[in-house]
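As written, the chains take the letters A, B, C and D, and residue 1 is the first residue of each chain.
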Amino acid sequence: MTGPAILDIADLAARIPDGTRLAIAPDYSGCSMAVIRTLLQRRARGLRLVAVPTAGFQADMLIGAGCVAEIEAAAVSLGEYGPAGRFNAALRAGRLVMRDATCPVIHAGLQAAEKGIPFMPLRGILGSDLVARRPDWKVIDNPYAQAGNDPILLVPAITPEIALFHAPAADRDGNVFIGVRRELMLMAHAARRTLVSVERIVDTDFLADEARAGATIPALYVEAIAQAARGADPVGLFGAYGPDEAALADYAQASRDDAAFAAWLENIDAGQMVSA
Amino acid sequence: MTEGAIQIREILIAVIADMLDGCGHVAVGASSPVPGAAALLAQARSGGAMRVSVLGSTRHNFFTDGGRELFDCAAQGRIDAFFLSGGQIDGAGNINLVGIGDPDRPKVRFPGSFGSAYLAFMVPKVILFREEHTPRTLVEKVDFVSAPGTSDPGIYRPGGPRALVTGRAVFAFSPDEARFTLRSVHPGETPETVAAQTGFAYNTPDTVPQTPLPDNDTLALMRGPVARAVAETYPGFAAQLWGIAA
Amino acid sequence: MTGPAILDIADLAARIPDGTRLAIAPDYSGCSMAVIRTLLQRRARGLRLVAVPTAGFQADMLIGAGCVAEIEAAAVSLGEYGPAGRFNAALRAGRLVMRDATCPVIHAGLQAAEKGIPFMPLRGILGSDLVARRPDWKVIDNPYAQAGNDPILLVPAITPEIALFHAPAADRDGNVFIGVRRELMLMAHAARRTLVSVERIVDTDFLADEARAGATIPALYVEAIAQAARGADPVGLFGAYGPDEAALADYAQASRDDAAFAAWLENIDAGQMVSA
Amino acid sequence: MTEGAIQIREILIAVIADMLDGCGHVAVGASSPVPGAAALLAQARSGGAMRVSVLGSTRHNFFTDGGRELFDCAAQGRIDAFFLSGGQIDGAGNINLVGIGDPDRPKVRFPGSFGSAYLAFMVPKVILFREEHTPRTLVEKVDFVSAPGTSDPGIYRPGGPRALVTGRAVFAFSPDEARFTLRSVHPGETPETVAAQTGFAYNTPDTVPQTPLPDNDTLALMRGPVARAVAETYPGFAAQLWGIAA
């Protein structure tokens, strides 16, 4: 049957309109840096990012280039490379809407979208100031309480318009192997559309491979794929290659200063790698 | 390796490891090398009875159901201990990972709450860890509650903070009192120097011992097999503390 | 670290007390027929089965031998082999409590247990007579409705005391490979205890195997395993061997007649294979 | 193969396949060979545009997230057509898969509701299929509603029954009327013989055509590549209908 379209990176990125509610993978999972670079060059506008469940370099770069109107995340940080400088600067300047969450809420919201239900209950969280700042989170009395009141939090479904990530491989039918990075499957199930860049496209049918089938996103959920060798540079890709530590440290440095970031972005515009 | 002077971080690792003895499953967040090393030390002493999950590690990560599994696993009661930190920690055990000032236009922005608002409820033994022990980090009241230290009796809460370990001292936390008690001070500190650097009120018993130093067996274990295991997950940390590479 | 106990089948079965709320896999997934046979021989009593989400031969055999007090299932049937004769007979005689469900409710209930939440909402189902017969299912107004009333069903968490299934392989650490049969992982997450029989125990570390890790239940969730070659006979095991059609047809025949079933059970007592 | 007389099941397969034209994803339950064959026929005609998921099949099963995925997938709006049957089906489109008499001590017990109570709501085009067309199966009112044919306007319901195909006739279902309309009768039947075998009331237009027979192209496709694909999943059925082995 007809599988996902196989495009080049530019055409894959072109399928992401300005204003998209875009789910992106965390730095340790599969980040499609190749597509992010194209969005940076285009100066995409008004993106509403959903970090699954935290964001790092991708989000900071896009925020710095003015591509992001809003981000929902449990945290935005460059991890061991320090604070996310552009994120922090944009927040301090009031140029970015931050919808602070906590990791399990984002997972549960995506699971609600995956199941087609409007909300999901979650234990914990009550008494956190997060709740007061999220009018879309509601507290009800647990209808299953044995005795007395038992308040419980409800969180709404999170249905990204597009899920974007990078994976080690797709097969010719467009099935995408993700290994243990199951949040990528959740993203694909929850989002209305899924765009994936991959290191390579192989002839093996992953769904017919007894070992790999269980760790494969079926093509059914994938709208289009593009091949991009080292497409997760510089953050690295699980099971394939590690982070480019020098490039990440350079970026972290640039992110903390307007002029340094502007210079970094000029290099991107000039066609340098994201890591440049 | 066992001959060198005992370093403060080795004391922290040892005292946290003591708190973990008897746990069946300890989980450690990414970028938490001292708690990670403590968990690996406790595991090495457990005779194989303790499981340690280090997020972000390939070797010490047993999860296969995606990012949600840590949280689901905690909610199932399968994680006995976890570590949380905070840009600010206050005397009621609240932690702030969001920032200072109006969150919409913060004066200081921290990364965000991560899973704290959840794990602080679900994990029976939450150990708060923050090396910087100053009135800036240990405050009377946090500007933003990422995770509350305690909850009303009607709230489902099988877990919560039980201790706070800093670069100066060890505190126990009583959820009933919503208050810390000073348990020990590290070498070079006294109850008075600790009090001067702490922005919140807490209980001080009549006698406050010095935090115990790791004994020779513990040091040998820490500087040998544990250091090598730590180096696999936190290479920079292991190189700096013990001068060994992964 | 200490992994799951490695036992023989008799000791694995001995860990299932009478009265256990026991989750079992459907016929097309991994059925631990080797353990079921031991439970039959023991004449286990008062089992409360949870079919995930439907049941077939395992349940019918246990019901016939008087081992089952109650079963929650979306269906009980021998599939292409016809009605489940012992199930039907026990129901007609009023000897069995049937808690009729529908497939997604059982999946959602197990997911609620997996997430440690007391209930899960589900769309659909309203207006089915199932709802009237399940006082543990509740209807509330969707707190996220845009306008007007929007009734939605809540179903309670299903937390089996024990999940029992058969899988192709475990490694020496007790990690269990399940391929695409992900409902087995859900069972292991949701149940308080998990007992698994496997075709073979291998030296490969599944969690270190990039291809298989994503389709492996970590030992963390597994209390004990036992090796049982062809342990899913006669229903068969995905990826390993098919059903023994003659044996299944024979059983289906026996299930429809008291005397024939008694003779079948005598053969089990005499140590015959389940398929005898 | 195309020379043999047209069999009734071939007519059923062809008429159901016609209903599926234009669907992007058709799912078929286990043990549903006629709908399964119809889906595979429609797929063969779709020029690669149609995906068919056959539960219980290895080759035509694209799900990798366990038993829940079919239902989640339907709730996401990714399944366009599905088939349901019933021990009883009534004139309001209700189906009964539970039994007859008190469900706690049933006179007749059916297997159970499976996913019907859910998929009947979620899948836009639900086709009811029951070969046995008698007053016993097509009843005025089902003894037990496994899945209701229609819902009140306030109920979230993107899908529902759209047609009923039996061994005698084809009906369309109007959710607004909660009522069937006879669309065609199979060879050998008339509107009158169908009415005599139907336990519920339904609309009968002035003229009711005969169910169209598959044309030669369709027959060739069905008896050739489709029959071979069917044989992989339903070997007994393919052997009986077309005398071919998998």
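The definition used in the following text is that a contact is a pair of C-beta atoms (placed from the backbone, for glycine too) under 8 Å apart; a residue touches a chain by one contact, two chains touch by 3 or more.
Quantities reported herein were computed from a predicted structural model and do not represent experimental measurements.
Report which of C-D and A-D is connected by more C-beta pairs in contact.
When A-D is set beside C-D, the one with more contacts is C-D.
Just the number, please: Cα centre separation of subunit B and subunit D in whole Å.
59
Could you please state the distance in Å, as a whole number, between where the Cα atoms of subunit C are centred and where those of subunit D are centred?
29
Taking each chain's centre as its mean C-alpha position, how far apart are subunit B and subunit C in Å?
40
What are the residues of subunit B that contact at least two other chains?
Residues 63-65, 71-72, 75, 122 of subunit B each touch two or more of the other chains.
When you check subunit A against every other chain, which residues touch at least two of them?
Only 108, 111, 115-117, 122-123, 152, 180-182, 185, 213-215 qualify.
Could you classify the connectivity of these chains, where an edge means two chains touch, as line, ring, star, complete or other?
Drawn as a graph, the chains match no named shape, so other.
Going by the contact rule set out above, which residues of subunit D touch subunit C in the complex?
Within the complex, subunit D touches subunit C at residues 30-31, 56, 63-69, 71-72, 75, 97-98, 103-107, 109, 111-122, 144-148, 151-152, 154-157, 236.
For subunit D, which residues are in contact with subunit A within the complex?
25, 43, 46, 48-52, 62-65, 71-78, 122
Okay, in this complex, where on subunit C does subunit A touch?
The contact residues of subunit C facing subunit A are 108, 111, 115-123, 138, 140, 142-145, 152, 154, 156, 178-182, 209-215, 239.
Considering the complex alone, what residue numbers of subunit C touch subunit D?
Residues 26, 28-29, 52-54, 73-77, 79-80, 83-84, 87-88, 91-94, 98, 100-105, 107-108, 111, 122-130, 133, 148-152, 180-186.
Quick check: in the complex, which residue numbers of subunit A touch subunit D?
Residues in contact with subunit D: 1-2, 113-117, 185, 189, 207, 213-221.
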